[in-house]
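Each of the next two complexes has chain A plus one more chain, namely chain B in the first and chain C in the second.
Moving on to the complex of A and B:
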């Protein structure tokens, strides 16, 4: 029982990081219709950018905020110089995925060139511990969980309550008609990449904070968890990604505790495959969630 | 623009015109040098067999297909290849032939998006006005477009385009899938009425007879070129027309 409670505690903390990353991934996919595999390497980049700032003795949470901004801008640039030109040339959905896979590998090894393949660490950032209903959390875990929840709610309100959010959904559904309405869809797409990239940056730093040490494979190994969470929650649904992140996080930690840590990744894959078979549109199927999204 | 345009359309100069427009996709040329004029207050219809290049012509005007040569002129300004969102801001409304609505949004949200450039109170007032035109949409405001019939979608698409009260309206088969009664509503009470209220309306229609009856001017497009440009009445009365139409359609394998 103690083992289970511990695993659930870890699972919630891991789940929050997964959710943080999954929301960005999910919204990016949902709005810009690009399944961006480079997202994982961008998280790795975030961890190392954060690491660099940390060496300047900047507070770790400020590091997270700065890194978010950096990765947000980097994502906009990435989309503009690689993905948009491909789309303009009429590259297929799959073609674009392959381009992002290639870019992911290039970026990952570019990182190796700069920082090497050795393990890095953010050092001891966890702070005091806190007990909630038998679950033990470190201060940094609590901050990450709160940040995740706040960003999730923010994203949801943005998409449903604001003019720009509705324009984002309209652009994702039908870019031509959105343009016929006078919407500057290029800006909407930039804005989408800025926000989702910022989430990616925050998730990368959060992941680095919560792992003992990391190297250039940090984001790429984590990507499968985020994809599983995003698919589980339904693509483009911020709340779905949060629930998906929690489920994937807890399931993988419980599996790790009861069988072997080696099964952690397997669980993510198993969830992903089952979801694709059973409910390809996520727990909250498209119609249902779009409806909830629109229920302002 | 040249005086000939005013004469041809019988209006006071063209709101929208093309000159020697050559357009297509990639390296494929579909539209071969089209001259077209739509004056304020006029309803101009382009008819022609399937695959003639009607939609491509409209897309070229709206910056959506590739313009290889020639010009698009809006209110006397060259707007060739300008992005659609800027054209929309300059007063062109466009309803595409397919993919003409926001599928995952409600009817109400489609209309709201149509009025994206308006401020909140203007938008609400305009929604009411547009719903007066399509009262059938009123009870369906909360429905998602993905769950609606073809005719309901078309109504929503046209209603959405009307939200900005465009001065120039470009409609690609707005009556496709509509019942005869609604076709009449869209053609007579909408397209015709809008033109009578001073808008320039450019219409592409398969329902050639119904469209020509209410149009001022007609262009017959065959294999990307204008085969005939004349007052709609004349085209309607021309005994060759049916033959050109069907003949070309059969040759292009385009008869449905």
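Moving on to the complex of A and C:
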């Protein structure tokens, strides 16, 4: 039983990192309707930007905040320069995915050109180990979990309780109608990319802290888990992405504790497939959420 | 490709290397065309270069991707090998040049890349590298092209290969694993935890460790296989800690190792038992990653790196060292010196060049048979330790026995010469220091 509780604790810590990225990815996809594969390379970029600031002896959590801002702005620029022109030209949904895949590869290898293919390290940033009822966390894990929860709640409140949140949802549903209603959709899209990009930046730094050592493949390695978490939770649903991240994280750690760790990811994805067979639109299905949002 | 005048060294420029990766899907369509060309005109059958020409040495290894550091080490060893051959006038009067062929460390990507290189590279007469991750797919291609190769791979499958052009002076991975076990027991540890990443290179060590520890009266406290580059290994780490090991026999890439041992330290109240790993971890990446997690003191005292033995006192080693330091393209010669597996590339280039000289031919299918002759300790053979010595003896029509950086080379009928093993540790600057030697016979005995 102790092993199970510990594994759940480790899973929560791992899941929080995945969820941090998944929340941003899910909201970005849900509102802008772009399956942005460049998100992974942006996380890698964030890790290296964070590494650069860390060399200046800046506190790692301040580094996370600065990097979030940098990647947020970079995401807006990326959307403006590449994706919006493609959309205006009527590029299909799949065509835009391919464009983001291409951009991801270009960005990944641009990073290699500047920093090399070798591993880099944030060093030991985990801090003290805390034990609560057999759940073991490090200080950095606690901060990442709290950050993820705070951002998830913030996103949810933003979407459901604010004017700009309603504008984001309206833009997501039908950009033309939203514009006809007086919503400045370009600004709303920029704002969405800024926020989701900032989440991406935070996730990249959190990943680099967690894995201790990283290279140019960091983001692309973990993107699949974040997409899985976002899909599992229901695209566009911050809570869903959070829950999805936790499911993936806990499943992999419990599998590692009881079966061969070599298959911990396999088991996590088998669970994902089973859950999608049961609830094809994700745990927090769009229909249910739409109804709930309509009442707010 | 960017040619560097004078050094005889050709390097894949970064942008070109990236393009190779990017165009991989397109290149995947090329093997049929490439094989067709290779089948019609194997490199060995191409026109013999005139004296004064250039012979390309194909360095087949991961030049990009997560394992790119191995490619860097291979390139350095190649640079040193061609340096000594060129300094003595070249092979049959032809200068050697290193041609980096990026297999990306991925067997699927390796096939189109190597096929294309074999089909298009001019005067590609010898190859080196061909490490474990891609050996199963690249070695048959090179063998079919009739180009002799000195492989650094550790796959047990090549212990009894029938590939004529395959040569190996490094041990198979299971022998490496058994050497890990011997060293751990020699150091007084009888209870070992095994942690190996789930890739072909690292997994190959596992059977040897199990067999070795068992034969030496030790006990495996736990044997876990971990996925590479996971966000966390905490659950596995807890299981390893609970098994109370005295020593950790572990092989993983720097990123995975850093994550794993960072969590080990956190969850075991700051204590991490000594680690025994392979000399392929003797890299700046591994050192840097582990140093930031475990501290300089631990990394320099408690990590033993076991691999092919090289004798720093030998004439061949001194020649190898001098060549590494003299090669302008080698950035960290001290590091390269410590990796026994990599020195086999240097030895391989010297041996193949001497074989060309003996055969009076640069054609692979011709000089391949002479590779064994120039390393044979036959009666009357002049023992040589450098290319220049060997060339001089051959010019005097003497039989030669090249004793290289890894000592006497004795090929079996499958073209394998595993040699001895040694354990090393990191110096503070990342260079290796020798801890001791493990006789190859001791390891062979364990494996029956």
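We take it that the second predicted complex is superposed on the first by the 273 of 296 C-alpha atoms of A that agree within 3 Å, B and C clash if a C-alpha of one lies under 4 Å from a C-alpha of the other, contacts with A are read in each partner's own complex, and residues count from 1 in each chain.
Methods note: contacts are C-beta pairs under 8 Å (C-beta built on N, C-alpha and C of every residue); 3 or more make two chains touch, one makes a residue touch a chain.
Computed from a predicted model, the values in this text were never measured in an experiment.
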Per-residue contact with chain A, leading partner among chain C and chain B: C
First (chain B), second (chain C), both or neither touched by A:119: second
First (chain B), second (chain C), both or neither touched by A:184: first
Which of chain B and chain C A:227 touches, first, second, both or neither: neither
Which of chain B and chain C A:23 touches, first, second, both or neither: neither
Touched partner set for A:14, first chain B, second chain C, both or neither: second
Contacts of A:168 with chain B and chain C, given as first, second, both or neither: neither
Partner chain in contact with A:105 - chain B first, chain C second, else both or neither: second
Residues of chain A at both interfaces, chain B in one complex, chain C in the other: none
Footprint of chain B on chain A - complex, ascending: 163, 166-167, 169-170, 173-174, 176-185, 286-287, 290-291, 294
Chain A to chain C touching residues, read off their complex: 3, 6-7, 10-11, 13-14, 17-18, 105, 109, 112-113, 117-119, 121-124, 126, 129, 136, 138, 207, 210-215, 217, 221-222, 225, 249, 252-254, 256-257, 260-262, 264-265
Sites on chain C touched by chain A in the complex: 14-15, 18, 21-22, 64-66, 68-69, 198, 224-227, 229-236, 238-239, 254-255, 257-259, 262, 265-267, 269, 284-285, 288-289, 292-293
Of chain B, residues touching chain A in the complex: 62, 64, 83-85, 88-89, 93-96, 99-106, 109, 112-117, 144, 146-147, 157, 160-161, 163-164
